[in-house]
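Following are the structures in question.
There are two complexes below, and they share subunit A, which is joined by subunit B in the first and by subunit C in the second.
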Partner chain A sequence: MFSKLIQEFFPRDMTTETDWTQISFEEGRQTLKKWRECGVRRSEEVVEIWEHVISRSSASLGDERWAVLEQVCIAALDSARVDLAQECIDQLHAQFPKSNRVLKLKAMQFESTEHYKNALEIYDRLVEDDPNNNSYRKRRVAVLLAQGKRLDAIKAINDYLKIFLNDPEAWLQLHELFLQENDIAKAVHCLEECVLIQPLNSMYFRRLGDLRYTQGGAENIDYARRYYERALKINPTDLRSQYGILLSNNQIASTTKNAAEKKKAGLAAVEAIDELVNRYQKVSPQNNPESDGILNCLEAMKVTVGSK
Partner chain B sequence: MRFSFIFPPLFQNLRFQMKYQVETQALPYSTIILHCLKYPSKGVFGLLIGNKKGDKVTITGCVPLSHESTPLAPPLELATSLVHGKFGASLVGVYFSNSTPSDTSLNVYATRLADRISNVTSSPAVLVQVMNERLVSDCEQDRLVAYEKDGESWKEAKTIFQGSNFLRGLQAVIRKKLYRELADFENHLDNPEFDFYNTNLSNKLVQVAEFRS
Partner chain C sequence: MTDLLLDPAIRTWVFLPIVVITFFIGILRHYVSLLLMNKKKVELENIADGQYLLRARLLRENGRFLPKTSFNARRQYLCAEETGYLSKAQQRPAKGPNPMDPSQMTEMLKGNMMNMIPMIVVGGWINWTFSGFVTTRVPFPLTLKFKAMLQRGVDLVSLDSAWVSSASWYFLCMFGLRSIYTLVLGSENAADQSKAMEDQMAMTGSAVNPQADPRAAFKGEWEALQMTQHQFAL
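Let's look at the complex of A and B:
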């Protein structure tokens, strides 16, 4: 879900891995800040940056230190570093002895050791204490998910959405749960809510296209094509939408009985292939030695699509 | 397996009249494990490359596809047709892992994809599941379980595990954090510079782990 964000933040050569243990203090600080703000889940790397770079002179972070400690604590819990998480919680607790935010970290610590009951007790208390803070309610859903209680989680998110209707993250989670339940129609509904909340996010349109295409049937494929077109308009470099346009048009061209429609869809599919070919021609064969093979596949596809 | 205590030992062989024996070579085995390690909080999917000789299926390679538990049709269709175009009948099956550690159920999205591959290659596909609870680094057991289609349902097939030969190498690979360099088809769609066949990574794996093929 965050891949687009990552791309925005790391536009340079993404295929080479950074060695996070060797970066400078300032670079480490900036990186942690970026990840904190976009909410990307790179727990192992966060722990690495903290241990090898930042922790040596964490005092020079100033007030940012507490936010970093919170971030590192969650990352440590996520990568099973119990010792480090405890260390962070101790420091935060000493600074903010009565903080609910620190209490939440303790509850998450219970979650990580599968003491779900203890965690839920804390979350219930926190929700009671601060009903407007949605993060505690979200943790309660997370506990259900960790236990694999899918139907309970669906119910809990539905309750949550009655209060916080405008939370795309919750709708996305719900859509995924419905997909696991094999209920694509309901998953579509969740995505439509996301579109209403953020009408300029191409990912939602593309995902709707994917869902409709998966559902199948002439009407849905037509919907899918339109969603992909919309997504591509918002984000013209989106490879997935481009592929989506190719797939949906190809499907229409091979199933429709209307000759004009068939021809139009065939042409659109060929056009999509041309765009894809353009894109792949710019790929460096050093990074991706298989790009030539994909190009050949696309050219072959063009011949079959064109002959329809 | 759950019912084994009901049956006297005599019947045990009868219950498991398996057609296939599945052997996963060091390189695909490691790649599958690395795919799981790259996305510890998610389920993963991928395609298996190999050959069938009689009742023995040897997995010689794999193509990581996605890191979500419910992959939708468009990327799967694309990847399948690209991989089938490249490998033809060597496309033998599907691997997957569930997102939570204790969940050992068969994912319907995986079985559906396996059925699809059986259709595409007109030969029965095998399904390989990663047992997440065995992913701990010092585990000496086979982390993979294979399934074959039996009528309408999937049942466990026999696996041949020669892990003692390569687990040490795999551990070296994990220590080097090479899983961060792995790319699946979803990564490729985010940025086509990523090679989902993992050509460069495979070379590194062979070098670091000294796998003998």
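Let's look at the complex of A and C:
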């Protein structure tokens, strides 16, 4: 039961510990390729695979070697391995002395050592040189974020989105920045853009529900409920949306004047509680020591909601 | 029926040379095209155009998840009389590839030359040098229909259609060497004739071509967006 739940929530290779230092060369190569193509951020593992497996015979990678070096370099920067990153950049620079991609790695190295000014200079030059490549602009935003210049970052993302306006990553980042500025209406706008671009991502709907619920007011709570229902429909295991449905229905039941509406919302809230109780009962107490307390809480809530 | 016996000299002096020649022509083609072609420059404006078109389509398709006010605001942003991107883009003067522009001309010429020269010169030369040989036989029986394909240049009524003539062997090699080129040159190679041909077909068929006149696309998208009835789906 326990293992089944775990399997449900985590993909397999996160639970079965793989010793990345012991895998074969071909296996390491395939793993790195997979991660590189999917954009997985598992930097420490990448560094491990490189140091213990691949680097021993890196020449046999052929042309793939340069892509791997780039990947390892970024992973090394991410896990604060300055020496390894320098080594990768040196090799890449020797091979491609005039490449913008290597220059970008150098700028990222500056970033990692907090030389933001130098990094920004390089990025500015890169953007000017190749205005079509959006990764340089995105890195510039990342620098501003790292410096904590929120307003500048918002401005930079806005400029970026004037051209590349179908980039959900950027909209999501902008949404977070607006939330930090407590500007919920604008954050909602950004999330709605994300929904337009990727209408099957339940997280966007859930967050939209959260924001609408936070904004408050009868209409917004109603939107919140709809968004939570949509999120739950896309991803039936989404516990937070289930809670959202409960809360928004509860809110509607206690504020609306319409009797029929009130009854319907109350019933939906009770149903949501039942569903939640069901979910928590499946978790054994050893796995989640909190679950008993939560169950009691939910039962108590059910009594108060049901009595309305 | 007695089997047809081929002279071993045909193998050495016709069959293998055709394979080798076709292969090296492919390699040569790859490097020449690397030399001649400069990278296609895409203007930043073109990217933005494509992005806005895509966005208008997404709004039409997924706008049903947004509340009515949000949907209308976005539609207004794209379609407004004076300020909307789609409306403004329709007013822009036509650019498009100008056939009189010399730089465009050479680009087109280069592309055509890369396709035509190997086709005409090498094909003609091979046809002329190696014509009239029966070179090999496919190891399975074929129907009569294949005679036209496999026995070009050898018009023998009584010959079994499993036999392949030299000219046809050249074509088979030309189209069949793709995976070998991938092996030798990597996946992004320009050696393959058949791929170039496919590209040309795709060019004429595809709807969204960044070089094509964007105003028509903008107009269509603008109209479609104006027509869209918003209906909240949740």
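To be clear about the criterion, the second predicted complex is superposed on the first by the 229 of 308 C-alpha atoms of A that agree within 3 Å, B and C clash if a C-alpha of one lies under 4 Å from a C-alpha of the other, contacts with A are read in each partner's own complex, and residues count from 1 in each chain.
Everything below uses one rule, namely that a residue touches a chain if its C-beta (ideal position, glycine included) is under 8 Å from a C-beta of that chain, and two chains touch if they have at least 3 such contacts.
What you see is a predicted model, and the numbers here were worked out from it, not measured in a lab.
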| item | value |
| --- | --- |
| Partner chain in contact with A:Leu211 - subunit B first, subunit C second, else both or neither | first |
| Touching partner for A:Arg65 - first (subunit B), second (subunit C), both, neither | neither |
| First, second, both or neither for A:Val195, with subunit B first and subunit C second | second |
| Partner touching more residues of subunit A, whether subunit B or subunit C | B |
| Which of subunit B and subunit C A:Ala146 touches, first, second, both or neither | first |
| Subunit B versus subunit C as contact partner of A:Arg125, first or second or both or neither | neither |
| Doubly contacted residues of subunit A, that is, touched by subunit B and again by subunit C | none |
| Residues of subunit A defined as touching subunit B within the complex | 3-4, 7, 13-15, 17, 41, 78-79, 146, 148, 176, 179-180, 182, 209-211, 213-214, 216, 239-240, 243-244, 247, 279-280, 283-284, 287-291, 293-294, 297, 300 |
| Footprint of subunit A on subunit B - complex, ascending | 40-41, 68-70, 72-75, 77-78, 81-82, 85-86, 100, 102-103, 108, 180-181, 183, 186-197, 199-200 |
| Subunit A contact footprint on subunit C (complex, rising order) | 42, 44, 47-48, 51-52, 54-55, 58-59, 62-63, 65-67, 70, 74, 186, 234 |
| Complex interface listing, subunit A residues touching subunit C | 63, 131-132, 162-166, 189, 192, 195-197, 199, 205, 223, 226-227, 229-230 |
